[in-house]
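Per-chain residue numbering starts at 1, and chain names A, B, C and D are given in the order in which the chains are listed.
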Amino acid sequence: MIKVGIVGGTGYTGVELLRLLAQHPQAEVTVITSRSEAGLRVDEMYPNLRGHYPELAFSVPDVATLGACDVVFFATPHGVAHALAGELLAAGTRVIDLSADFRLQDADEWAKWYGQPHGAPELLKEAVYGLPEVNREAIKNARLIAVPGCYPTATQLGLIPLLEAGLAETGSLIADCKSGVSGAGRGASVGSLFCEAGESMKAYSVKGHRHLPEIRQGLRQAAGRDIGLTFVPHLTPMIRGIHATLYARVADTSVDLQALFEKRYAGEPFVDVMPAGSHPETRSVRGGNVCRIAVHRPQGGDLVVVLSVIDNLVKGASGQAVQNMNILFGLDERLGLSHAALLP
Amino acid sequence: MIKVGIVGGTGYTGVELLRLLAQHPQAEVTVITSRSEAGLRVDEMYPNLRGHYPELAFSVPDVATLGACDVVFFATPHGVAHALAGELLAAGTRVIDLSADFRLQDADEWAKWYGQPHGAPELLKEAVYGLPEVNREAIKNARLIAVPGCYPTATQLGLIPLLEAGLAETGSLIADCKSGVSGAGRGASVGSLFCEAGESMKAYSVKGHRHLPEIRQGLRQAAGRDIGLTFVPHLTPMIRGIHATLYARVADTSVDLQALFEKRYAGEPFVDVMPAGSHPETRSVRGGNVCRIAVHRPQGGDLVVVLSVIDNLVKGASGQAVQNMNILFGLDERLGLSHAALLP
Amino acid sequence: MIKVGIVGGTGYTGVELLRLLAQHPQAEVTVITSRSEAGLRVDEMYPNLRGHYPELAFSVPDVATLGACDVVFFATPHGVAHALAGELLAAGTRVIDLSADFRLQDADEWAKWYGQPHGAPELLKEAVYGLPEVNREAIKNARLIAVPGCYPTATQLGLIPLLEAGLAETGSLIADCKSGVSGAGRGASVGSLFCEAGESMKAYSVKGHRHLPEIRQGLRQAAGRDIGLTFVPHLTPMIRGIHATLYARVADTSVDLQALFEKRYAGEPFVDVMPAGSHPETRSVRGGNVCRIAVHRPQGGDLVVVLSVIDNLVKGASGQAVQNMNILFGLDERLGLSHAALLP
Amino acid sequence: MIKVGIVGGTGYTGVELLRLLAQHPQAEVTVITSRSEAGLRVDEMYPNLRGHYPELAFSVPDVATLGACDVVFFATPHGVAHALAGELLAAGTRVIDLSADFRLQDADEWAKWYGQPHGAPELLKEAVYGLPEVNREAIKNARLIAVPGCYPTATQLGLIPLLEAGLAETGSLIADCKSGVSGAGRGASVGSLFCEAGESMKAYSVKGHRHLPEIRQGLRQAAGRDIGLTFVPHLTPMIRGIHATLYARVADTSVDLQALFEKRYAGEPFVDVMPAGSHPETRSVRGGNVCRIAVHRPQGGDLVVVLSVIDNLVKGASGQAVQNMNILFGLDERLGLSHAALLP
């Protein structure tokens, strides 16, 4: 039984970790921390968990207790994992960080986008970017895993096959992404109110969103060269889900893209290349750890349109974190993640 | 491994059965029928099931094939099970009917509310009303089970403790119930359109809803006498969920209602009596097979307000059907149903 | 042209006042205050107003400026109007308060429900409860008007005909009310987040909601005697709208209720008694200043079910405030309020 | 007073015409037709109109009655106006067609996209494309107006300034558009059900949508040359609204795009160029006849991102139709259309 600790478990990725781990046969949550809610039982905050964690309560973060875990998940705002990860690693605990703290390899770029110095640059070299479809081998031996962001997961999985094959024009990629409101977290902000985000659609951060450098880094690696990417995120009136609509121009229109994508993801347990002509819906992955992808070339032109959907809280966060844990501990990658999505 | 057949699997209770049975370790769906969609793979209609039923396709209903199953679920409009259930029982197959066909013990009352003669009155005597919290023993030995309706499940579980204890005035019960739109099914009707049911609330069928006689029958049995019930259903702009707000006048205000409810449901795996003062949310049971209940007596008066929530597609339909199957086949009642609800 | 001031215009009732007054031919908003947003143009906060108030910006509240208005609306949290109303009245300005500050006639009861002493008890005697269908004559000559709350408006309009006619059993009234989330205001609270309030239904404040004493006061007046009322509010996943489902037992079942209601509201511009058998939808009043009512007596019993719907921000707040202003200034009561509701 | 007829008034554009014309001081709806609902009062179908059209009922379409109107709106599926428009024009009645029947100048292209021969090719020459911001002068003297589609309105208004100025690379335009569900109409189709379209996002018709040739035609005219456009529509879980996210590469990055857009739409009553850096929300135009636009050039690159939002039922259909009527009859273009949008 893997002993699991969770730091910062009061947000949506925290409760989602608890939901997924409740059905995981090889993991047990032994500690969950929250400064603000210390003492509160987790099922008092999240009644969907009643009966699943009858004894578990939030506690004040404490390195000794966390260090007794086999693995600690950080479901925290950026900056928190910087401060704690090193100590836990020193204690022999593995760290899976759902925040942005270790996603960018370049500490300066991190500082630029997050508006503060990187708090643990010495750990960057060993941090593994936890996108199993790209880094599975490295994950197996990692001590510190940076779980990809939600937009980056949907976007990279959609574009990587084109880039790895050298098919896409790398200078003019576009990612028009639509996210459910849970991507904004559980913080009490006016913009996330039901009456502000409901029955409306808007773009945001067109000038530059923090996930842009992360996506660029991943695509650059896939392409083996610099890439130019325009990323426009949109807030969509739904709770869960990301729909990435990806545009890439290809030089060679004779390639069988459907075959290319199917081959790239053959054997991947959590990437589903849908039949040609499909339009994946975000609800088809609600609550599930799957990325569903369809690839189109409208009117036979040279612009490829890739549709890629995930549940931002699962494959875009907590589910992918558990997938990483499974790989890290040599378990079947699908443990605790094999349930079907909730539809309708 | 229990061989399962499903008749009429294209609606929401059908896909929900498939979702739940996909994670059931002791059941295997071997046949699913639909006249209109015969030949279509189930995951072409419901992409959330991709990877879970790679071979399963809808077929034309056929008694021989269905009769080879250990149990057949009917997820059909009323009237269909009347025609087929007898033949399947004769073939030694057990029948779990999610429709209204065998819920009312009185064929004439059925005919009155459903506007057509009862098609199999000879089976009524052996049909067991599948509310495990009331009829668990009878279910164990049943051949034919009538799964309760969604409103009746939420309402009965909320009122039964008061009635069994002889506490409630039986002549003036009120059930003000709010249902998500999935309760109206997947049929293409104008009233269920996103633009008709969204961003709006309305009552319907105030004059008389088909679940009224079913609820009355169950409450009468609990009370041991006739009861008077006003039942007002409302359409609520959400996909899943029923919130029953139940009003009952009590003669004796000295009884500890919290203790009464907790005692009544002690040991029940799928009824959760919440702490005193709670307000259960429907989302706390989304996708889960749980009924959460809270009991209030506002301002210390003699009117008791019981709040009872379920997911209409799970504890109100397909989940309860699987729970019945588990009991029927001597399995752990929680098999395939122990996952936490999806929140947010 | 009536010079209008608005205190506290950053919330939903504030923007709704601006929307309604923008199309009012006899009123002009000359000042709108907000301490926190002083200096901000109103259309920077509310882009739907772009082009309608090109010059209007929030300013710091100031009695001299406000006192130069013919009428000042308070769209503030409770307590604010207590402090300012007296000074404005002294300056000859009329006050229409959308908050709860002057709704209860009894300062002690106010203090009990709002957890602080009443700040201007000396004004209570002249405050007029601004429900035009009851108090139209008093409103005409008022200096200080307390606009009814949203739940109280829907509930009183639905029950008053029964109570005035002496038909209803006054001891056992029930108001099961469902409100859209905008009723909770624009404050950043976790409970009003899209991901908390969406796709879910719950009751709240079953123990006792602040609108309870207000409703009781109004119903007592209509009945001419004390009344017993159980009031259960529910949070519904929609932005606007209140659906009140009202239950009253009648002694005499021979009365033609449809005729009673039609007669009571004959000539009322903003109460619509729908045809017998109707089920009013909240969307039929979205954005409009109408209360639509249907009256039922299910199964011919002695329990009357009244369905009453309003837009909580219009007839339940800002629209009713403008209606009061029209009456107060001797204008056609419908000015600025005659547009049709927005459907779908 | 302009006598107005409406053909096919039971859909969403029909009820929206009635809502807008109810507040129009110079127009009166004298006839509204529907074969299926003949005899039904309009406010029985649409209770939001109660009190506004106390006498108006649907009637069977009849050329004599319609021909007595000054103007007839067609709010019908494609093909219907083909059959009737000629007769009405011959009777001296002007025709404003909200359907697609006269939008494409080329009958063969129409036939190709709509799968049937064009029914009135002889009228195409005089049909005026009713986008006032482009064709105002022609509209003034038109007899037959083709009201633009919803996607085409949002997309053209967003791209025209760039194309007219010769700034955009014309071969690689992208329109990633998100529509509310009301764009799919009021027909009872499974895909538009609350439980199918709610809480989910998907692209559709990526292969080719019927609005593509219409948009291409308009953009070609603005650019003065052929254009290449990829158009990807998405279904969004909201009732009203279109959000067009438009991508165009510019050769010259030194041009002040904000000034360009502001100049292009100076004086336009219904196009609002928002301040630099804005992110227009669809709710800011809900129920209003406005198109709000913001123009961005992320990271100072050569890809321009234009955000353009409308209410698909107003500026994208019925409001624009009324705007055309106002122009056609020499009225103030804003009559009946000057109300603020409904927010929240």
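To be clear about the criterion, a residue touches a chain if its C-beta (ideal position, glycine included) is under 8 Å from a C-beta of that chain, and two chains touch if they have at least 3 such contacts.
By chain, with names taken from UniProt: A, B, C, D = N-acetyl-gamma-glutamyl-phosphate reductase.
This one's a predicted model, so the numbers in the text were calculated from it and none came from an experiment.
**Student:** Compute the centre of every chain as the mean of its C-alpha atoms, then state which one is farthest from the centre of chain D.
**Tutor:** Computed centres place B farthest from chain D.
**Student:** Give the chain pair, either B-C or A-C, that is connected by more C-beta contacts.
**Tutor:** B-C is joined by more C-beta pairs in contact.
**Student:** If you average the CA atoms of chain A and of chain C, how many Å lie between those two points?
**Tutor:** The separation of the two C-alpha centroids amounts to 45 Å.
**Student:** Taking the mean of the CA coordinates per chain, how far is chain B from chain C in Å?
**Tutor:** Chain centres of chain B and chain C, defined by C-alpha means, are spaced 39 Å apart.
**Student:** Which parts of chain A, given as residue numbers and ranges, touch two or more other chains?
**Tutor:** As it turns out, chain A has residues touching two or more other chains at 12, 182, 186, 195-196, 198-199, 237, 239-240, 280-281, 283, 286, 344.
**Student:** Per the contact definition, I'd like the list of chain B residues that touch chain D in the complex.
**Tutor:** So the residues of chain B touching chain D come out as 12, 181-182, 186, 188-190, 192-199, 237, 239.
**Student:** What residues of chain C sit close enough to touch chain B in their complex?
**Tutor:** Those in contact with chain B are residues 172, 174, 176, 178, 180, 195-196, 198-204, 206-208, 228, 230-232, 234, 236-241, 243, 245, 247, 249, 277, 279-283, 286, 296, 298-299, 301, 303, 305, 307, 309, 344.
**Student:** Please output the residues of chain B touching chain A within their complex, sorted ascending.
**Tutor:** 12, 15, 18-19, 22-23, 46-52, 182, 186, 199, 239-240, 272, 274, 278, 280-281, 283-288, 290, 292, 338-344
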